[in-house]
Amino acid sequence: MRARLATAVGGAMALVVALSACSKNTGDNGDTADTNKPRSGAIATDPKDSLGPAAEVPGAAKGGTFYILRESKISHLDPQRVYSFAGLMGSQLYARFLTTFKDDGKGNVTLVGDLAETPGKNVNNDCKVWEFTIKEGVKFEDGRPITSKEIAYGIARSFDPDLTGGPTYLQEWLADSPQYDTKWDFKKNKTSLPPGLTTPDPRTLRFEFNKPRCDLPFAVSLPATAPLPPDKDTGVNLDNMPFSSGPYRFTKIQPGVEMVLERNTNWDPATDPVRHAYPDKFVWSLGSDNTTQTNRVLAGTGNDAAAVATGGVPPELIAKVTGDPALKARMIVAATPNAYRLSINTTRVTDLSVRQAINYAIDRSSITKNLGGPYGAVPLTTLLPPTTLGYKKFDAYPAGESGDPAKAKETLGGKSVNLVLGTSDDTASQETATQVKNALEKAGFTVTVKPIPEDGYLDFVKKKSNPWDLWVDSWAADWPSGASILPVLFDGRSLKAEGNSNTSQLNNEAINAEFDRVLALDPAKQAEEWSKLDEKLMKESAPAVPLYNEVVSVAHGEKAGGIFIGSIFGWPSFVNAYVKQ
Amino acid sequence: MSAETEPLLSVRGLTKHFPVRQGLRARGAVRAVDGLDFDVRPGETLGLVGESGCGKTTTGRMLVRLLEPTSGSITFAGRDITHGGRRELRGLRQDLQIIFQDPYASLNPRHTVGRIVAMPLQVNRITPPGGVKKRVQELLELVGLNPEHYNRYPHEFSGGQRQRIGIARALALKPKLIVADEPVSALDVSIQAQVINLLRDLQRDLDLAFVFIAHDLAVIRHFCHRVAVMYLGTIVEIGDRDTIYTRPQHPYTRALLSAIPDVTTLGPAGRIRLTGDVPTPLNPPSGCRFRTRCWKATDHCATEEPALTTRDDGGQLTACHYPESGPVGMPTGEPVEVSK
Amino acid sequence: MVRFLLKRLLLAVSVLLAVSIVSFLMFFALPRDPVTGMCPKNCNAERLERVRTELGLNDPKPTQYVNYMKGIFVGRDLGSAQGGKCEAPCLGYSYVNSEAVTDTFARVLPVTLNIVLPAAVLWLALGVGLGMISALRRGSLLDRISIGLTLTFASLQLYFVGAVLLLVFVYSLKILPTPRYVPFLENPIEWARGLVLAWVTLALLFSAIYARLSRAQMLETLSEDFVRTARAKGVAKRNVYGRHALRAAITPIVTIAGLDVGAALGGTVITETTFGIQGLGRTAVEAVRQGDLPTIMATVLVSALFVVVANIVVDLLYAFIDPRVRLG
Amino acid sequence: MSLSPVEGAALAEIESSDQEPDEKKRLVGRSPGQLVWARLRRDRTAMVSGVVLALFILAAVAAPLIQRLYGVSPNQQFGDLLDATGMPLGYVGGVSGDHWFGLEPGLGRDIFIRMIYGIRTSLLIALGAALVTTTIGVVLGIVAGFLGGVVDSVISWITDVALALPFLIFALAVVPTFSLRFYGPRDAVPTWFAVTTLIVVFAAFGWTGTARLVRGQVVSLREREFVEAARASGAGLGHMLFRQLLPNIWAPILVAFSLAVPSYVTGEAALSFLGVGLPESVPSFGRMIYRSIDYLQTDPAYVFFPGITIFALVLAFNLFGDALRDALDPKSSR
């Protein structure tokens, strides 16, 4: 009797679950937002473009509280230490930088001055000396005016070895060496400035470099240039309560639980070409994973109606959203600069024909389908992601959507090759590794999959002594120019024992010379050159197999408006955010 | 009883103190057995009798070395076995066995009868001529059980039958002396008689020596050649069964005997009622231990502990300064003939 | 009694010491080098080494261990990168969350307490109640149903129940907010509505186990003589079962309840992960994943402390309920 | 001569058994084991759960055979049967003639055959872990219970430490490092190694319950006279422990074992839930269930099949364990 009763209860429960599965899946949810269109971007040298107030967002209204849902804590809030996407986009609310991007949310970006009147004067046109004039009327949260001194101090403190985590471009260019913190010790001379950085007068900031740094206007768009008065520098604890120069200031920070930002009355919209600050309050609500976040905003109960789920719609819930037009309207889909590739260790897989065979064998459709199809990943056949300036689409090894095992076998020419495929042990990576293995084994390779713990993966892959043949690697440029992708990933001269971004360890003199040639060109002309170099690289050395370009689909509540995916970092931007009343 | 043959078992000054520990500091000890001296001749049965808590079971356990004596010596068949380790005792095990009181607890419920009885052989790796099974069936027959019960289980037998299995096990190694620790106290009267008769037959046929521990004076009188009366860890009187039962000298023995319910002599006169409880063995009374409950205790009894010696020509040893004399109202039941 | 407490405390301290040593060694078995997490994308070996020495990771292991334990009682100076002086009980500075571990705990511990304790009350009441009733009415329909139900729930998987409850009550019916922790003092109603699903999920599983346990225990006690004599003496049925039988049957249940609550306080990782609430369990898991030594040590020690304290409390209760147990 | 009923019957039995041989046959000796088996056979729940368990074990053992008959391998992917976003086409999660339980969303592997292999892995781990922990528990329990004194307190102390150590954190730390310790970065970790790692991790903690249970039993049996009888006949420690005591504590050990197995099936699923269990290449029940939970709203069929199977498996073990406990309990009325 007992057994029958127990199974009856189990059966009833199962029935309920099965019932809701009766709808037939005909697979017609394939149409997607176009994520492959070319990008345009320029530097607006005319000061008028850098003037505020920012263009009104149609339908926007002031007031209300805007909620941002996120799972883990933002690793750093101190602008000089910010480097994660959430940090980069989130810091726009409480910090202003020398320059920033006007972003229409459809991939078109223009670099404009934020605190500076223009994106910077290339004084001798040799990219070695740059000057920025600081706008009038830009103030801190306590009303004090922002001058070049505070901006210079902000840059100076980023030399402090304790303040780990932030980007290191400015420091390395100023000190002209990767070991910038030993070259100039911030702790000893807090009152003076690092070499090459001077403030001739309160409204001018002057950079002098030994080598040409033509990408400086882009580099100073990172939060590392956020101003900070020296008396407000609490060192390591600034992470717990930053000092605001943006439209909002932090009123409550509970790490891992909640962060509240309220209006900074001293911020003047007239001086800001980008930020609108429509809502009265921003609240970061932390702790729920992306499945829970998405379910919350779709259900939209209480505050979740005015919330955005920054974790993105997980692959398993995409069908639910695309299946319902009302929900689909509340999902924004946009490509990100994050390009995933199957990096090949050129020091181990030395035979070019083997690397080309791998390119033919890869089944991109099985991988992208598992990541949510067009809403999560778009197949990519170029090393540069579509979001790069001057991007041109090509396929060095045409093999159809799901790979061409026969062509791969033919290129291999009967050689029997076994490869070790390394992967991180999180579920998604292991699944992608399984699919790569299946595709390669169809083409005659024998593949061994080696999972290692997720958080040790990046350091392991970046070691020179990396023992694997293949692994999945990804790279997102800090600004959309090829200069911060191809040379960083494939210039063999910068290889060192640890921390190499050039994981394929490609070291080809001809290619290195090409990098130097293009780097010396003017930023505008560089765009097409990078794309041509991309094709050359793929055809002649095939150091990797481009897999897919990550697409992010972010859902939000009905009352959350003005959200768009930043074209630079592929993460939601809050500059136009407002709460529908 | 010929006195000149070499005693099979001789015990000198045997004591056993159980230390009572309060936390780490030992605070006194329970002096369960406090200096025993007695002998057992081959084929002879010595009865150990006394109220519960007088140390008779502890003595029994020490004889078979289930307990480690605190001091004194036990010599068996000429060999000192007081503190021998398992190997030295190997030879001893074959000649000295024990029978327990509780028939339900002394047999392993998960073993067949055959395996239980064969255990001593198996443990000492002895294979008797003709194989273990035949030997076991002989033993079963010897104790009056049906040999077919070889692969039955204890739960299929009655209390009396289980006790017989226990006896069969004890006989497996053809011992010379068996310590019987209240073998029949847990059985009904009728079954008691059967088991006692079985033991007496074995005593006679196999010329077995017994140390028979019991608190039932009637059973002791029926079975034992000599009797030792114990009180609070010491022997107060020891001697032949007839002298002890007819002319007890120690007041305690006399009190015990008067307590035997005898249908024929009703009335309070014959009964001596002892007052008070048995004192705590933690610190027994000074001098004679029985003085706190003895009706004729004097100061002398309190100062000097009476030694266990012969007091007159009666032949028994008594530990009392003022031994009783004259016969006690012997129950008229005719004495059962006891073979020498 | 005092002697007993002393002995137990001594034992408890030795257990905690052993646990701390094991977890310390366990950390160094992790393949993860915690320091790399603190470096940006293009971090070089030289700076890595400097950060490692500053965190004291290059000191010999015993010294690191002693420093950490000393910190708990006396407090220690953590160096400028970690917020300087930290008073006792100083559990160190988290490598990953860049905050003192004591602050993490101040935030995370109440969450776990507010999940586990109310759930424990629920599952004890439900479990023991169900068990007792089905024991008293052995063989009745109620008994059969309760056995069937308890077996079903005992066989269900925790996260399965959690997911279904979430789907039904939060996302479809929308009658409950997304599970989260609201301090009781601030808003008791929201506190309850936020955590009720977590309580129910935990309670369903545990009450099933306790129902079966207390039913078996009650049946055994009922068959004992003293209950039969009490009934024979004409003691009212309610008294017999209430005072006599329950009191005797409750002892083993108390022991197991003590152990379960102690272990659960160490963090109910599955429940916390399913409902997206950051409790002690998830903090511990993330700490191990990211190789965050101070937090690992702290979470392990705290959960071990709960288990050990629960054991001592159970022993004391034992003596209180069951006079036979002399506290030797 | 007052004969108590029990004695009377026994007496009658002695007298009668000599005379009528046929009556002797009826009373042939039935060992406690046979008694238990008789009780079990009469208990319908035990039989039903026993059959279900047998089916599971059979399916697990015959996994390769089933694969050959079914025609699909566990790692085979059917990308073309998925729509653009990876959801299986057709009804109820892609259930069809040649895919009885449908396809996994995203990866497109066949659910039915993966579940068969998943059961095999999970049962292997669960039975392995239960066996190892019960053995350790029994040995430590007997030694601690019988010897008492210092040995007992040391073992109890170790048990306390093992109980205090949080299992999940230990597992999280040990499982990933185990394979790194023994296998170089290039050579593949064989499946049996991954399974053994999990068994070792479970075994490091699982024995405490059984050890305490067995210790309690042995402490009460140690004073029993049949043990003293053995000691008096010169039996060594080994004989007393494993010949006299062990047969008497089979009942609690068997029950502990039968209830340990389902807890390890759940344990393996929990470890996969935290992403630490078996690598993706090894089909595992726990990993499949953990992954399916997220599809509760979009592909409930994917949740239904593994969910109901693990429910049935754990339920069958619990029922069988319960029935076994009742059958083994000498006092039980049935």
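Assorted remarks:
To keep things simple, chains are lettered A, B, C and D as they appear, and every chain counts its residues starting from 1.
Definition applied: contacts are C-beta pairs under 8 Å (C-beta built on N, C-alpha and C of every residue); 3 or more make two chains touch, one makes a residue touch a chain.
These figures come from a predicted structure and were not determined experimentally.
Common neighbours of chain A and chain C under the contact definition above: D. With centres taken as mean CA coordinates, the chain nearest to the overall protein centre is C.
Here the chain pair with the top count of touching C-beta pairs is A-D. With each centre defined as the average position of its C-alpha atoms, the distance from chain A to chain B rounds to 93 Å.
Averaged C-alpha coordinates give centres for chain B and chain C that are 58 Å from one another.
Taking each chain's centre as the mean of its C-alpha atoms, chain A lies 48 Å from chain D.
Averaged Cα coordinates give chain C a centre that lies 25 Å from the centre of chain D. Residue positions of chain D with contacts to 2 or more other chains are 176, 180, 296-297, 307, 311, 315, 319.
For chain A, the set of residues touching two or more other chains reads 1-2, 6, 10, 17, 295, 452-454. Counting partner chains per residue, chain B shows two or more touched chains at no residue at all. By the definition given earlier, chain contacts exist for A-C, A-D, B-D, C-D. Interface residues of chain B facing chain D in the complex, by the touch rule stated above, are 64-66, 86, 89-90, 93, 97-98, 100-102, 105-112, 116, 119-120, 123-124, 146, 148-149, 151-153, 155-161, 166, 169, 173, 188-191. Chain A contributes residues 1-3, 6-7, 10-11, 14, 17-18, 20-22, 24-30, 32, 291, 295, 314-320, 322, 363, 365-366, 369-376, 402, 420, 422, 425-427, 430-431, 433-435, 438, 448-454, 467-468 to its touches with chain D in the complex.
Note for the complex: chain D touches chain A at residues 44-45, 48-49, 75, 77, 79, 82-94, 105-108, 176, 180, 184-189, 275, 279-281, 287, 291, 294-301, 303-304, 307-308, 311-312, 315, 319.
Taken together, the chain A residues at the contact with chain C in this complex read 1-2, 5-6, 9-10, 13, 17, 71, 73, 75-76, 83, 161-162, 164-168, 178-179, 181, 235-237, 239-240, 254-257, 286-289, 292, 295-296, 298-299, 301-302, 304, 452-456, 458-459, 496-499, 501. The touching residues of chain C, counted against chain A in their complex, run 31-33, 36-48, 50-51, 80-83, 97-99, 103-104, 107-108, 144-145, 147-149, 151-152, 155, 164, 166, 170-171, 174, 177-178, 180, 273, 276-278, 289-291.
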